[in-house]
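The structures considered in this document are given below.
Two complexes, one shared chain (chain A), two partners (chain B, chain C).
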Partner chain A sequence: MATLRFLAHYVRANLEVALAYRAAFAAKVFAMVVNDGIWVAFWWLFFERFPSVEGYGFRQIVLVWAIGTTAFGLSSGIAGGASTIAAKIASGDLDFYLVLPKPPVLHLVVSRMDPGGIGDALFGIATFAFLARPSAREAVAFAILVVIAASIIVAYAVATNSIAFWAGRADTIAEQAMFGLITFSTYPERLFSTPVKAVLYTVVPAGFVSFVPVALVQEWDWGWAAVLVGVAGGSLLGSKAIFDAGLRRYASGSILAMRG
Partner chain B sequence: MQDAGAAISVRDLTRSFDRPGVPGAGWRRLLPGGTRGAPTVALHPVSFRVERGERVALIGPNGAGKSTTIKLLTGILHPSGGDARVLGRVPWRERTDLAYDIATVFGQKSQLWYHLPARSTFELLRHVYDLDAGVARRRVGELTERLGLRDLLDRPVRTLSLGERMRCELAAALIHSPRLVFLDEPTIGLDVEARQAVRAHVRELNARQGTTIFLTSHDAADIEQVCERVIVMQAGRVAFDGPVSTLRSRYVRGRQIEAHFLVPVDRPVDLPPGASLVDVEPQRWRLEVHEAGAPVGPVVAWLMACGPVVDLTVSDPPMEDVIAAIYRETAGPRVIPGGRP
Partner chain C sequence: MTPRRRRGMLAHRARVIGAHAIVTLRDQGAYLGELALGGAILFVFLFVLSCLWTATFRAQESSLLGGLTLVQMTWYVTFTEALVMSRVNVARRIDEDIRTGNLAHALLRPGGYLTARFGAYLAERLVRFAFSLGFGSVVALALAGPVVIDPVAALGAIVATGLAFVLEFAIIAGIGLGAFWTEDTSSIYFLYTRVSLLLGGVLIPIELFPEGAAIVARALPFAPMIHGPARLALAPDGTGFLSVIASLVVSLTVVGTMMAVGYRSGLERLTVQGG
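Right after this comes the complex of A and B.
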């Protein structure tokens, strides 16, 4: 409980910063909304001409998009610090968080907020509300599922960024890994072959970030919902364990950071 | 090592760092880190003990291992070997618990939120340390009073001068009333007045609350005015550990004699035995008498014979010179393991 309150205060401090730079913040949010809008407009025009591709219609694409953008938006909008971990490990900037109480990975994850992520989340929610025209049940499912998906994304970012403890520099690796997850999460599951799907339900968890939530919004299934919650909890704990294991190797003001 | 009573006790603590080598050949180039060179040894076995309420300075030339020691004692780094207890806890294993009782100030880094007023960081820290709203308010009030923060707290930190920011930094570090404070070069980059403010506050903290102080610095005044004890590190070893007063006699033998003359006097040709010239101006000579405790009488008599002396002072060499002597001693051939006590 105290932990939640402490996380909430980080979010508050981040909002204060955003408010201090209101115009810049709004501009970034708006830019992201426009950017996302172009994509949806593209799909919309596409389905105007070809109403169904392999059994997929515009509504499915909208669901994939809405859940994806909202989940990724929430993860970087609230927990944008996760993707800065690799750089901080390399530069030695973990020091501050290590001398404070509370697990350092929590401090890190909420230490930054990405305005673009807020834009994504707003756009995703709007897309869902206006283009998917959900029923009340679908809306509730959506609200719960995007939060679960977002926490899996945060865990994935923490785990991939923690590679820096072993590799010295890993910001590009982590960035590419996140990019891969985003890419796979923005296409319908049906497009992928079985071996690819095996990857997407394990190392690059697009299955749990996108496919399962999309299916669940359309048709609720308690079994799959339980699996999803388990995966989210497991990956959060697992990523924290990886980070904590890496801390033993932390070298602080690492000169590794200066290598090209 | 059951040393629950000590603030800090360190036994045979060592730490090495991997040195990134040249990238390997062929496919090995893709491996991060490449082939490793021999590791850098930052700390050879180091042992010392600090009692509660002591004020200790850790000094030594660049790269001696001061920051590494502080990072090990705060749990930031894990050691390569050895043992340490800080307030009865093993820092790297009980880091989070220890964090409630200690504070760390890095002179070169800031923990304040750059774009926000310091007050916002304080508010966040209140929740980080689980402080009661009332307790925190009283504490911030107290620190505001003593560090003179009244006009600073509500300005974005980025608009503060370095000295003003450092005072806020100190307050942020002390908000949870720590029992032990580590300061790594707390006065670096500050002007004279700001340095004095930091020193005064650290001293007062120790006097009022019995807070243990452990600081590193290259500034002689930080050591003289704040600390009662000095640990000198050279190339990862403890080379001296004792009161500030005996530090002088360990590194600089002798005393200085300064004479002012009524009229300009020619540079002397011969010197009395055991003395050397440090500095000569026409009307002011500075000499050093080499052996500690050697009689200065003959040298004074000799000076009187040289010209009309109007003023004469006999003093210990300034702390700057002592520190310079320490650093000089290390600047020679790099210490070989086992080569020095």
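Right after this comes the complex of A and C.
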């Protein structure tokens, strides 16, 4: 509970900072909504011409995008700092977080909010409500599953960014890894062959971020739901373990800086 | 102005474009990391799109969609992706020059501000395009195999690509010049990249659009700029060349005029502060 209250305080503070520049905040949110809208428009064009591909129709792809954008939006909207860890490690900028009372990784991930993430999440929720036209059961499943998917995305960002502890500079690798996860998460699972799916359920966890949640929203399965919760919990603990292992190798940047 | 003086001015502008292009070409070596990131992104995109089109051809039980085979479709998206991924955000640079007042200093240099910007843009665009197309071709070759390219159609595609680069400069520079009037042009540029992705036929050829959407797409400059050169490169002969070139020339005339008018009226608003 204390951690949740801590997160809520950080989110509120980040939101207040972002809203200090309301026009810029609104522009970023709007830009992300347009970006997502263009992709859904592409799929609309596609399915107008080919109504069904590998059992997928427009409603299925809407679910893929609704869950994907909401989960990625929540992760970068609440924990946007996760994707900045590699750069902070490389510049020796972690010192500030090491002296704080809570675990440094927790401070790092919630230290920043990406307004584009808010746009993503708003788009995902609106798309789900208006284009997927869900039943009450689907809506409840959606609300739970996007939070679980978002936690897997945050864990993935922390793990890939932590490569910087060993590699020095890893922001480009982490950026590529996140781009790969986003791309694979926004296409239907059945497009990919078995070896590719094996990668998408392990190294690049698009399977757990998108494929399993989409299947669960359509048809609930307690077994797969338990697997998903287990994967999310394991990912969070695993990524924290990777970060902590890396942190033991970290050398201070000895930077003198003012923080407002 | 006498014809001789006009020829002299044009030759001078060409020299300015060339000089800025050479300097920019030399600079490109410093951005190899960025090119590598672009390569990884291109690989992921081409792989996923190849999976999508393979599944679509299988579902349709057809060997031809929109006049393209599966192999040609993979190469089509390779060409269109190379075209959009080689895009240079010259709008941001022009926006910065206007906002910081650098434009006033740049105007003092010989050859004209936009001419210099065009030279630098062209060099950077050519390097990025050569890399994207070269790397993309290797990926397409691995994913789908070789494609037959007609030499006349290829020549037409090269000419169309060149004109498309000029047209896109006029559009993007025009967006950057918007900084004379608006607070922030980056959101306009972002919107441009998204709309051109959809209406340029980057992911799906215009022939496969629903009829209404195809009419809209063909009326805008994005389709001749992206779909046009890519489709020409895969054509069995050069028959589509004239219509693509005509669309590009018309778009270039309209957009180029708008950019020139915007530039002139923008300069009248230029205020130099400090020294």
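The rule is short, and it goes like this: the second predicted complex is superposed on the first by the 253 of 260 C-alpha atoms of A that agree within 3 Å, B and C clash if a C-alpha of one lies under 4 Å from a C-alpha of the other, contacts with A are read in each partner's own complex, and residues count from 1 in each chain.
By our rule, contacts are C-beta pairs under 8 Å (C-beta built on N, C-alpha and C of every residue); 3 or more make two chains touch, one makes a residue touch a chain.
Fair warning: this is a prediction, and the values are worked out from it, not measured in the lab.
Applying the touch criterion given at the start, work out whether A:168 contacts chain B, chain C, both or neither, answering first, second, both or neither.
In the superposition, A:168 contacts chain B only.
Using the touch definition from the top, say if A:22 reaches chain B (first), chain C (second), both or neither.
neither
Looking at A:52 after the superposition, I want to know if it touches chain B, chain C, both of them or none. Which is it: first, second, both, neither?
second
Let me test your reading of the model: by the given contact rule, A:2 touches which partner, first (chain B), second (chain C), both or neither?
Only chain B is touched by A:2; chain C is not.
Tell me the contact category for A:99 with respect to chain B and chain C: first, second, both or neither.
A:99 contacts chain B only, not chain C.
Quick one: which bits of chain C touch chain A in the complex? Just the residue numbers, please.
33, 36-37, 40-41, 44-45, 48, 51-52, 54-56, 59-60, 183-184, 187, 190-191, 194-195, 197-198, 203-204, 208-210, 213
Write out the stretch or stretches of chain B touching chain A in their complex.
17-18, 20, 32-33, 67, 71, 74-78, 92, 95-97, 99-100, 102-104, 106, 109, 111, 113, 115-116, 120-121, 123-124, 127-130, 156
Applying the document's contact rule, which stretches of chain A touch chain B when the two form their complex?
Of all residues in chain A, those touching chain B are 2, 5-6, 9-10, 13, 16-17, 20-21, 93-96, 98-103, 107, 166-170, 247-253, 255-256, 259.
Inside the complex, what are the residues of chain A that reach chain C?
Touching chain C: residues 23-24, 27, 30-31, 34-35, 38, 41-42, 45-46, 48-50, 52-54, 172, 175-176, 179-180, 183-184, 187, 190-193, 196 of chain A.
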